[in-house]
Amino acid sequence: MFKPKSVKAGTAYDTAETLAAAAKTGTEQKLTFVLIHGAWADASFWDKTAAELRKAGHTVYAPEYAGHGDQYDPKVTHEQITKSVVDFITGKNLKDIVLVGHSFGGTVIQKVSEQIPDRIKRLVFFNAFVSLDGQSLVDQTPPEVQDLFQQLKDASGNNTLTMPFPLFRDTIVNTASLDLAKRIYESAKPEPAEPLFEKLDLKKFYSLNIPKSYLYLTSDTALPQGPYGWHPAQSSHLGLFRLITGEGDHMTTAYTEPKMLAEKIVAAGRD
Amino acid sequence: MFKPKSVKAGTAYDTAETLAAAAKTGTEQKLTFVLIHGAWADASFWDKTAAELRKAGHTVYAPEYAGHGDQYDPKVTHEQITKSVVDFITGKNLKDIVLVGHSFGGTVIQKVSEQIPDRIKRLVFFNAFVSLDGQSLVDQTPPEVQDLFQQLKDASGNNTLTMPFPLFRDTIVNTASLDLAKRIYESAKPEPAEPLFEKLDLKKFYSLNIPKSYLYLTSDTALPQGPYGWHPAQSSHLGLFRLITGEGDHMTTAYTEPKMLAEKIVAAGRD
Amino acid sequence: MFKPKSVKAGTAYDTAETLAAAAKTGTEQKLTFVLIHGAWADASFWDKTAAELRKAGHTVYAPEYAGHGDQYDPKVTHEQITKSVVDFITGKNLKDIVLVGHSFGGTVIQKVSEQIPDRIKRLVFFNAFVSLDGQSLVDQTPPEVQDLFQQLKDASGNNTLTMPFPLFRDTIVNTASLDLAKRIYESAKPEPAEPLFEKLDLKKFYSLNIPKSYLYLTSDTALPQGPYGWHPAQSSHLGLFRLITGEGDHMTTAYTEPKMLAEKIVAAGRD
């Protein structure tokens, strides 16, 4: 576009032929992904998807972060989680990474990108929260969800959140079989509440020029439909971003359609 | 989640493997469906879908209700329709049913559930109206549709509604071939108007704790796009619900993609 | 519906059988399409799609219009563009056409339909602008896009618009490979700005009774998500219309999925 070619009558078809050929060539860029899971999950959330990405030739890291998985700690803070991801990336001296955050992981990659912006070539928010400056994850949810989370926290006795199964089944794994829904639910530990309630200083995040994508699976009602939904409500916080969409819900798709999910993550993450 | 397992380093992958295996097992629950059709239709609307559900091992009833099909009566009331469905279910002593309502049928299953809540394990609203307490179906539509329905009623001479074909073709069967569009249109009788205009007392419905799903075919513009649409406008009246989505319009899909529709109804109806 | 058949118990199933048979018959109407491309494109945009439409037996014209392609002229006006399309259609004495406009082409088919309404059997807006009376294309975009377009125009020195590649890549060809994205971008010439900024008198358009369809590819973020989006924001300007949806973005799909796009155009364009 910046260098318009001279155009002669009769050559328009050649252009389309060339474009069509390009559409078919499989010379896909190889990327380095760092995948950050969400709440009520651990790094094993990514296992099937990471395997598919590796099959396609990409390099994939899905680090466990502070307070989760084998480092489970109900008292973990958002800052500790961020630090553990930053330490992982700098410890391995990873560069030019595509940093992917799912759900709560969106707020993690927001804070990580503030600390090591030069190592990140693109941020991918996958049905993820994008907190506004000075707000928490919980602030991104409608009043009734804020009330629910407060009640779950108060009832826990140890500042964690455990969703009742019927709520989890119908809003987080709505497309799953009952059997799979139960297994995903049972694999989740009570989520440390504090990182979801902490107000985050995101001034630097909103000053960064890192390219961003939003991957939106359209049957996801973990955030209620309407003005508080993933897209366009959360996604629009990003300003300019690349939208990639697919069919799926909040958690099931990573278990039932990892190949599709991997392809969508590549479409969101590539240059 | 309520019984967190002890977690050791190195076992995370086992969890994902187990989940993936679960995703593949076909031990699908067998359900008993009662399917309630909408306006400008009769029970034959469900024929192909019911056949697919039965093929998959489910038990299916698609009763004709008062004033429609072979019981056609322009003077039928919403109460008579509700009673005919309640009588069908109690007459056969059906229990643990998944009660599915399409379009106008949404308001029918709302009223039926008030009378026999203990027989219903889940309500599925399929591109269906979910009237608010004290409101009619027509109250759920935008002003221009309310005007249109009033005009059609006034013009009918016998308190029925007949949609002009061009309107029906472009908003109810928009994805159909012209041939199929005409056949669906011609199979419809003038719809008794009163049940669509009656204000419904739904206080009890909104106090019930029956689990609910909303099945949303995304090319359906029988309700105009925007603030009056099926999802999230009508669906959000349900409060908490399980969302299942698919591609299709208001009526065509039951004729052209009954297998897909049956699978979506199972995904919406299972525990 | 206007001629209700006599209905007997036991015949309902026959109706459904007949309908199902109709759904399978391939007696598709043969149509005459005139395809009008959008900005940052020329008539070769349609090459693959036109080939698929022709394969299916339809007659297709994709005329280059004033100021674009081999007639490139940065000073072209909206009126000259409209006239060139009208002259093409009248010059070939085309009748009963399905007139399809993509993107900016939506405003072109609005004005063309005012001049030769009797030659058009249906208008199809394909992720297209539908300007309101007295408004320009730019008036249909949110404030930040209006500012951007003004800046691009001012910076051009010759009253044209050239999008920076990163913006084009993430919002116009978001689903494309980088290679294809670059090729589509490089094939575009600086877009003459005036036709996008001209206020259009559309009083006659909004008085016409030509049937209309809106074809909406759902991953298209050339218009930002939310209140300014293609559907339902632009589409709702049409009043009554037939909605057809598919998966794709603003420009890529014509190169990567021309068969699907052709089928959607037929579904939008047929009677």
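Should a chain be cited, it is by its letter among A, B and C, assigned in written order, with residues numbered from 1 in that chain.
Following the convention adopted for this analysis, a residue touches a chain if its C-beta (ideal position, glycine included) is under 8 Å from a C-beta of that chain, and two chains touch if they have at least 3 such contacts.
All of these numbers come straight from a predicted model, not from anything done at the bench.
Peer 1: Only C-alpha atoms count here: how many degrees separate chain B from chain C in terms of the superposing rotation, rounded to the nearest 5?
Peer 2: Value: 120 degrees, nearest 5.
Peer 1: Specify, for the interface formed by the sequence copies chain A and chain C, whether it is same or different in terms of residue numbers shared by both sides, with half as the dividing line.
Peer 2: different
Peer 1: Mind checking the centre-to-centre distance between chain A and chain C? Centres are C-alpha means, answer in whole Å.
Peer 2: It comes to 33 Å between the two C-alpha centres.
Peer 1: Indicate the residues of chain C shared as contacts by at least two other chains.
Peer 2: none
Peer 1: Would you mind writing out the residues of chain B in touch with chain C in their complex?
Peer 2: 40, 42-45, 47-48, 64, 69-70, 72, 162-163, 165-171, 174-180, 183-190, 218-219, 221, 224-226, 229, 247, 255-256
Peer 1: Using the touch definition up top, name the residues of chain A that touch chain C in the complex.
Peer 2: By the definition above, chain A touches chain C via 1-5, 7-9, 12-13, 15-20, 22-23, 25, 27-29, 211, 213, 231-232, 235-236, 240-245, 267, 270-271.
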